[in-house]
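Each of the two complexes below includes chain A, the first together with chain B, the second together with chain C.
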Partner chain A sequence: MDFRDAMLDNYKEILKTYISDQTEQALYLSEKFSRKLLECKVSPEEMISLHKTSVMELEPDLPESLLLSLDILLEVMMAYGLAYREHQSLRTIQRELINEIEVAASMQQTLLGTKIPSLSFLDIGAISVPAKQMSGDYYHFVSHENGAISVAIADIIGKGIPAALCMSMIKYSMDSMPDDSQAPGDVLERLNRVVEQNVDPTMFITMFSGLYYPENHTFHYSSAGHEPGFFYNGEKGTFEELKAKGLLLGVDKKAKYNEYERKVEVGDAILLMSDGVTECRTEDGFLEVDTLIGYIEKYIELGAQDIADKVYKELEYLQDFQLRDDFTLIILKRMA
Partner chain B sequence: MNISIDIREQELQTIITLAGEIDAYTAPKLRETAFPYTEKQHANVVMDLSGVSYMDSTGLGVFVGLFKSLNANEGTLKLVGLSDRLKRLFDITGLADIMNINTVAEGGVE
Partner chain C sequence: MMDSSVKIINEWDIVAARQLGRNVAKELGFGTVDQARITTAISELARNIYLYAGQGEITIEKIENEAKKGIIIISRDAGPGISDLRKVMEDGFSTSGGLGAGLPGVKRLMDEFSIESDPRKGTLIQSVKWLR
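And now, the complex of A and B:
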């Protein structure tokens, strides 16, 4: 028995049941039948032809006019059949695209991967969670030959694939910077020129650039329009905004970036973040700075990575596990 | 997640009044609607943001785009009626230093 005959028998059974006693059972069976049709990619016009054959076999005395009308119905349904087949092929294409984006996202992870330096004097933790598949947030660490550590955190405004491509550009220009121009202000000025020239005019980047000198434990930093981080004073147990002024990258190629300096004592910590952290929306409005600091304070005695993970968990819970923006948090804690 | 955009063209300036949220979902609509007004020579565009309850970095990107386009065509952009939260966003990003920004919606707008 071939497929059509099997379907025909099945359908005739349903029709027969329904014509004789209009039970729910027949409706249930027809629903099951239509799922089978979709599964086997039977087109609407094929179904009408099946219906006509079934009816003719079950009720041989039907008026000719009714049967003829089914021919017209079949013709009319042809367009639906075409649309259905088109839908099928689009679904295949969509599946392929989803696969490609997944490959691209994992490539981005590999390309942009940065190694968190493991140091005796500085405990570093970082977490970055994208709201969509590809993140607009980016962070990068570089360990220099003289022992200094560069840290950068950036948010590419304009999300998705263009932002991801832009990020790769930044990473490569950062990596290719000579070792003698690590000063955060210089880094931002150079990148600003790169971004201004190369990037689509509606795309911008905020970036915080820092440099930690282990010999005198000072942290130098500059900001290009980035969300200010916090400085934690371990002795006093106080938090303070790491204020820094500077224009977004890619707006004005002549922009200058001031450099600021902080002495870091044992027990002090530096917290850097993206605006996905501070602009986190809760059920009743926005996350207040005090609330955020409260969470950080709660875990400040833990290791840097644990603080980052725990604060993320708290904010994720606060937002009902629905991230609206990419979330990145970096913690540098002086240990010795 | 909605935005309303009201545009009034006057003899010397175009007033664009925004209300709602400017984020990744609404930013494209704002960009498309407002952009043509920035492309005319010597256009003066005033944007009233008093009704804007939320704006993220994507929204900010739209304003930078409009600002650049107006600059290229020798026009001006003025933002008025910014809430404290919005003002902070423009301050942090350094845009407050290069753009004309006012926290009160001025008489000229009404």
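And now, the complex of A and C:
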């Protein structure tokens, strides 16, 4: 075996150097040698055998007892060798799992994809970033035949793959919603029944559903325990919470959702978000609402998508680039 | 062809099985590292019999085909059998309890490995290592 012979020569050289004069150089070479062993997947028992062969060749007069002790060492290292091989195979499995999750994540992006409507009277921007590879946040836009625009934002309590699987179900229930049931309260009531019937009782979903009527520029909305959004009054330059009461989806199949209404003037904006925005954590604790509003205010004159992107960048920076929860922010700004 | 078996009833029989395996491996010309691998595999199989089946038998044989020579370990018991073979062949299943290499370990130490298990009849494992 060429490889073993090469390793043997290399190792003998290191041993010889060290035996003749105990230099750091030789110790450094053996460190490099051990890296090579791992690189070439040499197991500990093989290494001990290599050591024994080298010692016997270099020092033929060693006492028998010393050589025999190496047999025991070899036997003792067997379990380490097995653990080492197991580790290698687990690493392969881990890599496969990571690949699989990546495929699933990109599939989720395709599945949950929604088109942001492009309208003259309403500028819409949205950003959604998962904390892990797969997101438990979801948003959806629908342009109805009568010109109204539906917007929905949902957050699964929980993260990762289970949340992502659950989200796909919400997406398909939304897609199969008939065009005539646009009212936000109806949407939530329907989805609540779907969730209640199909989802594990330990999994809850919060959701905000809104509908924008362009003929009278009113925004109708209902909430199923979702993070309240903000209403920006462009004339006064003030922010106000979009309060709405409603039970989380999946708790009670008979839950009713009240509908609220808000008149939207030119320059006003509606901001919807998941709790990944408001519960973003910094070194000093949770993000203060005022801080968040401060960021939004700073960019409110920009286009809706720019506001969303810039606010995300600020909060990302604030959290040291470590998202703890899925982050979704939607901005609707009346232009005309 | 040589053929010999060791009955596994108590822990010391594991040593006898190892000894038998080592002798055969040495005669065949396996090096010290391979000898250690073969005996570790024998230990693992014998210990499984001792721990889970109560009793059984380890048979060690020399085998030969056109191209090469090798050693085969056959482990036979009439114990409760293994209901989920996939599970026991999974890494981390048996080792998590600190019980040893487990069957995946045996599979890695040897070149060939096969297992048959029936809850009524017990378990038969055959594993081969070829001389290179």
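The rule we apply is simple: the second predicted complex is superposed on the first by the 335 of 336 C-alpha atoms of A that agree within 3 Å, B and C clash if a C-alpha of one lies under 4 Å from a C-alpha of the other, contacts with A are read in each partner's own complex, and residues count from 1 in each chain.
Operating definition for what follows: a residue touches a chain if its C-beta (ideal position, glycine included) is under 8 Å from a C-beta of that chain, and two chains touch if they have at least 3 such contacts.
All values reported here derive from a predicted model rather than from experimental measurement.
Participant: Record, for the superposition on chain A, whether partners chain B and chain C clash or fit.
Facilitator: With chain A aligned, chain B clears chain C, so fit.
Participant: What's your read, chain B or chain C touching more residues of chain A?
Facilitator: B
Participant: For A:Gly113, is the partner it touches chain B (first), chain C (second), both, or none of the two (neither)?
Facilitator: A:Gly113 sits against neither chain B nor chain C.
Participant: Counting only touches as set out at the top, which of chain B and chain C does A:Ser49 meet: first, second, both, neither?
Facilitator: Touch status of A:Ser49: second partner only.
Participant: Name the contact category of A:Pro178: first (chain B only), second (chain C only), both, or neither.
Facilitator: So A:Pro178 meets neither chain B nor chain C here.
Participant: Which of the two partners, first being chain B and second being chain C, lies in contact with A:Pro60: first, second, both, or neither?
Facilitator: A:Pro60 sits against neither chain B nor chain C.
Participant: Using the touch definition from the top, say if A:Asp155 reaches chain B (first), chain C (second), both or neither.
Facilitator: Only chain B; A:Asp155 stays clear of chain C.
Participant: Could you work out the angle between chain B and chain C as seen from chain A, using CA centres and rounding to the nearest 10 degrees?
Facilitator: 90
Participant: Once chain A of both complexes is superposed, is A:Gly246 in touch with chain B (first), chain C (second), both, or neither?
Facilitator: After superposition on chain A, A:Gly246 lies in contact with chain B alone.
Participant: Minimum CA distance, chain B versus chain C, superposed model, integer angstrom?
Facilitator: 21
Participant: Determine where on chain A the residues touched by chain B overlap those touched by chain C, and list them.
Facilitator: No residue sits in both footprints.
Participant: Within their complex, state which residues of chain A touch chain C.
Facilitator: Against chain C, chain A makes touches at 45-46, 49, 52, 71, 74-75, 78-79, 82-83, 85-86, 89-90, 93.
Participant: Which residues of chain B touch chain A in their complex?
Facilitator: 23-24, 31, 54, 56-58, 60-62, 64-65, 68, 85, 92-95, 97-98
Participant: Show which residues of chain A lie in contact with chain B when the two form their complex.
Facilitator: Interface residues on chain A, with respect to chain B: 155, 157-159, 201-204, 206, 224-228, 245-248, 251-252, 255, 275, 279, 281, 286, 324-325.
Participant: Under the definition above, what is the set of chain C residues touching chain A in their complex?
Facilitator: For chain C paired with chain A, touching residues are 31-33, 36-37, 40, 91-92, 95, 100-101, 104-105, 108-109.
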